[in-house]
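One chain, subunit A, links the two complexes that follow: it is found with subunit B in the first and with subunit C in the second.
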Partner chain A sequence: MQTFLTLLISGLVIGGIYGLIALGYSLIYRASGLMSFAQGDMVTLGAYLGIFYYVWLGLPILVALVLTFITAFLFGMALERGVIRTLLKKNVIPIYIVLATIAVSYIIQNLAQAVFGSTTQWFPQVFPVANLTLFGVTNQTEAYASFVISIILMIALHLFMTKTKFGTAMRGSAMDPLAAESCGINTSLSTGITWGLAASIASLAGMMLGPMYGVFTTLGSTIGRKGFAGAVVGGYGNMYGAMIGGLLLGLAETFVAGYIDGTYKNQIAYIILIVFLFVKPTGIFNEKAIQDV
Partner chain B sequence: MLEAKNITIRFGGLTAVNNVSMQVRPGQITALIGPNGAGKTTLFNCISGVYVPNEGEVILDGEHLEGKMGYKINAAGISRTYQVINLFWNMTVLENVLVGMHSRLTATFWDSLFHTKKKREEEKQIVEKAHEWLKFVGLDEYANDRAGSLSYGKQRLLEIVRGLASEPKVILLDEPAAGMNTTEKAELDVLLQRILKMGYTILVVEHDMKLIMNISDYIYVLCQGSLLAEGTPAEIQNNPDVIAAYLGGDE
Partner chain C sequence: MKRRMIAILLALVMLFGLVACGNNGTTNNGGTTNNSGEGGDTTEPEGETFRIGTYLQLTGSNSVAGNSGKQGIELAVKQINEQGGFNGATVVVENFDTQGSTEEAVKVVQKMLSGDNYDAIIGSVNSNEVSACIGYINEAKVYNFGLGTSATWMEDDSMIYTFRASCNNNRIAPLDVDLIKELGYDSVAIMNGTDDTGASTADAFEAACEEKGVTVTTRQQCDSEDTDFTGQISQIISSDPDCVFMSLIGTTFGPFVKQLRNSGYKGMIGCKECFSAEYQNVAGGSPNTDYIFYVYPYVAYTDINDCEIPNMKAFLEAYQAEYGELPAHESAYRGYDTMMAMWEASKIAGANDDESLREATHQVVCEGLGGTMDFTDGSREAYSDFYSFVLVGGKDILVEDWLADGGYEEYLATTGRDR
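Right after this comes the complex of A and B.
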């Protein structure tokens, strides 16, 4: 029982982070119909931004969190405005744009290396208490905080998309850009905002990973792949599916590691993923739901 | 009020609309007709900002609109429907109308974020207003259904009312009767008159000649991208060029 609880909590913590990254993939797909390989590197970017604001500038953690969110938002929007839009205007086929996102991914990685060096940086302890025991399970305090923040972010995003005029405008632009435009919605701006949001959410995931995993230049590209898998399992393009898919993947890989074998956890988790795709190719949320949000 | 002056648009070597000028007078139904491929929808797209014309001007009450983005043209007072219906299929019928009101809302991002009194009041007002619009076209009982679940004719009505929800100066209707049955067409005739009575101005593209001759105040006929004729329904019906164009062109 104790092992089960420990694994459950660890699974939820990492799953929450996968869920956040998955959300970014889904948002981008809804808004532009594209897959961005740079999405994982937004996680790396967030982790380094966290170090920059929190360690280098010595700002309070909450201020660092907000500044990371804002900086990543601007970066994501600049990526859409500068690279993606420029290519779209040239009417290239979508796969060229996906290639461009691979380029951006490497540029971010090498840029991070140039600025912060290639050794792993340790994100200092954020809370005064290093470990926290809940339900008899002891874990890093940051891990619990990260799960709480993940859930809060998911709920906030849900409210933003369904309850605000801006969220509705973004959903409208994603569903039918032509109609949205003739309803007075600036679809180009709302696509930019979507990319910005996807980057900010991933950046926060990165900032939370920092204290647990350490910060290195390829942090995001590995974790980002997991987030992508989570988005697919949930039903690609569906916001709620992304959250649930991410959580499920986190739980699956943690339970595999705990009960079967830690060395082969990725292998087994991904075999489960492929079998899952055979059984339910549309993801957890079916076709109708995929178009929904 | 709405004026298109010497509009020309080319796609590669093809001139789709060639030097066409037309005027839409306030409080009237102006119609644009012509054989398939005459450039009617293309001209519509130039006016509503989907395409940027190569030459020419689009002027609404003295304001130049040519080359502006679609959402700015909507804000200036032109809304439209599409030949192929463009609804937000997976939003509810009510939500579709609410999105239509987008450009008339004043609550800011911060109002939404903090759920201020201004936001709450505006939201209450626009939901009421949206229900009124739905009642106007008899769709209020479907308010919470998915837009995609409506019948074809009702989808057309929803698209029209979504266009009206932004309270435009002019509404552009691209083949509103397409796919409608005889009863629905008769109802559409009445609906357009009611829209006119509310003080809106209509520019319509339509293939159904009976409907057009009944409802229009003034008609422009396009043929192969150029203006073939213009006049009242009676004049158009007796114009030999128009009759030739409709009965088989050059032969």
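Right after this comes the complex of A and C.
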């Protein structure tokens, strides 16, 4: 029972992180119908920004968290304005956009290395208590915090998208840009904000991962791929599906490693992805982004 | 237009903000660094030269090892050139970045070989890259050394132009088991990476356990980019081993130890190599990193004053003077030892051609940073004797001293364990 609880809690923690990243993929898809493969690197960017604000500048953790959120938001918007929109205006085919995001991914990794070096950076613990024991399971305090923050962010985003005027405008812009424009909605701004939000959510995930795993240039690569798989499993483009998909993958890989063999831990996430693509490409939430034909 | 300008300005402000506040982790000293085999702008010294090409991972997640190796090589080259070089020829090093990719390593090595511009080649700290490349280098009959520690690429006796001046993990693995027995343990759980070095070292360790009567309670594996090990740790703890042995790579060491300690495991942890300062930081430092033991030629010093080995101390002082810091990874020692072994061979040979250097290397016996480097047994390997250390309070203590000073009893009292 103790092992089960340990695996369950750890699966939820890592699944919450996957869910946050998946949320970014889905937001971008909903807003612009595009895929960004730089989403995992936004996690890396967030972790390094966290080091910059929290460790180098010595700011309080909450201030560092807010500044990381804002900086990543601006970066996401700049990416949309400076790269994505420029390409869209040239009427390039969508694959060029995907390639551009892959290029941005490498730029972030190499820029991070140029600035912070190739050694794994130490991110000090942010809570005075290193470990917490819940239901008999001892885990790093940051791990529990990351799960709580993931849930809070998911609820906040849900409220923002459904209860606020701006969130409604964003959803409207994503569903039918022309109709939204005719209603006076600034679709250009809302798309930019969506990219900014996706980046800032991922950056918070990165900042939470830092104290747990250390910060290195490819921190977000593997986790980003898992997040993508989570988004597809949940229903690509569906925010709730993203979170559920992420949690499902986190639990699946943790239980496989705990009860079967750690060798299969990474494979299981992609096996689930393939199975869903074959059997239910619209994902758990039946999102029509990838339709079965 | 105005909005676009604002967007560009924002991007530039962030970019310059990051760059202005940052530090550059790569110091180029005495060598030229190339990405993906592009030609460099090496300033050619006057007179005869001895050109060495290196293929190292200088970017990516495990690049700290490659960059440290590069700095160790370049420091040795500087010292060698100050003392007359290789038989009067100035040593010139040109570094190529493999980016941690075996394919890229093969590509840059083939590029080095195609121009016939290099007198010797030094290979990656990543053994899978060395394994992929030495076939081509030996076919071209070019004198070469590898920096990786896996046994696999030295098993082929036909690779007669390839040498190693660091260590072979398969020679260490049985000594790790001896140490486990010396501590009075009967069982061990293994956690290994699926990379070449991680897996082959764990294989050798498991075989030695079987031979020496130590029970392996479970063997768990992870990928080199994994960050969460909860599942594997659950299996390790439920198998109730006397101690844990880890054969991992780069970024996985720190998080694994941290998560293992967080899960409540207080016992001793064996490591296939020395547990560097970088790993210790990520693992959370002492007490998480206390009671990690290893058998290895090198120690990752964090303070020069901790070092009591004269030639190692001299190296550390020179390294700090050159780069303003101590080595971030012990591969700096491997790079330095490699160059010194090559230099010694050049002195014995009295000539710098591949055949003379190859034959002379078999006669090399000299003091390295990890003890005596002795190539005379025909194995093309330098080290066969190693030190045993235990990490306590951030200090690497010789196991014999630790045991003699009552360290083990203190460990039992501190952790509340019975073994």
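One rule holds for everything that comes next: the second predicted complex is superposed on the first by the 285 of 293 C-alpha atoms of A that agree within 3 Å, B and C clash if a C-alpha of one lies under 4 Å from a C-alpha of the other, contacts with A are read in each partner's own complex, and residues count from 1 in each chain.
Keep this in mind: a residue touches a chain if its C-beta (ideal position, glycine included) is under 8 Å from a C-beta of that chain, and two chains touch if they have at least 3 such contacts.
Every value quoted in this text rests on a predicted model; they were computed, and no experiment measured them.
Colleague: Output check: A:F216 vs subunit B and subunit C. Expected answer is one of first, second, both, neither. What do you get?
Modeller: So A:F216 only meets subunit C here.
Colleague: Which partner does A:A179 contact after superposing on A: first (subunit B), second (subunit C), both, neither?
Modeller: first
Colleague: Now for A:N238: first (subunit B), second (subunit C), both, or neither, which partner does it touch?
Modeller: neither
Colleague: Now for A:T164: first (subunit B), second (subunit C), both, or neither, which partner does it touch?
Modeller: first
Colleague: Compare subunit B and subunit C by how many residues of subunit A each one touches, and report the one with more.
Modeller: Counting contacted residues of subunit A, the larger count belongs to C.
Colleague: Look at A:S105 in the shared chain and tell me whether it touches subunit B only, subunit C only, both, or neither; answer first, second, both or neither.
Modeller: Neither partner.
Colleague: Of the partners subunit B and subunit C, which touch A:T187 in the superposed model: first, second, both, neither?
Modeller: first
Colleague: Is A:S32 in contact with subunit B, with subunit C, with both, or with neither (first, second, both, neither)?
Modeller: Neither partner.
Colleague: In the overlay, answer first, second, both or neither for which of subunit B and subunit C A:S200 touches.
Modeller: neither
Colleague: Which of the residues in subunit C come into contact with subunit A in the complex?
Modeller: 3-4, 7-8, 10-11, 14-15, 18-19, 21-26, 58-61, 63-64, 66-67, 194, 220-223, 225-232, 234-235, 238, 250-251, 254-255, 258-259, 262-264, 278, 281-282, 284, 328-329
Colleague: Applying the document's contact rule, which stretches of subunit A touch subunit C when the two form their complex?
Modeller: Checking each residue of subunit A against subunit C gives 3, 6-7, 10-11, 14, 52, 56, 71, 74-75, 77-78, 81-82, 109-111, 113-120, 122, 125, 130-131, 138-140, 209, 212-214, 216-219, 221-223, 253-259, 261-263, 265-266.
Colleague: Within the complex, which stretch of subunit B touches subunit A?
Modeller: Touching subunit A: residues 48-50, 69-71, 74-75, 79-80, 82, 86-91, 95, 98-100, 102-105, 107, 109, 112-113, 162-163, 166 of subunit B.
Colleague: Could you please specify the touching residues of subunit A with respect to subunit B in the complex?
Modeller: 163-166, 168-169, 171-172, 175-176, 178-188, 288, 291-292
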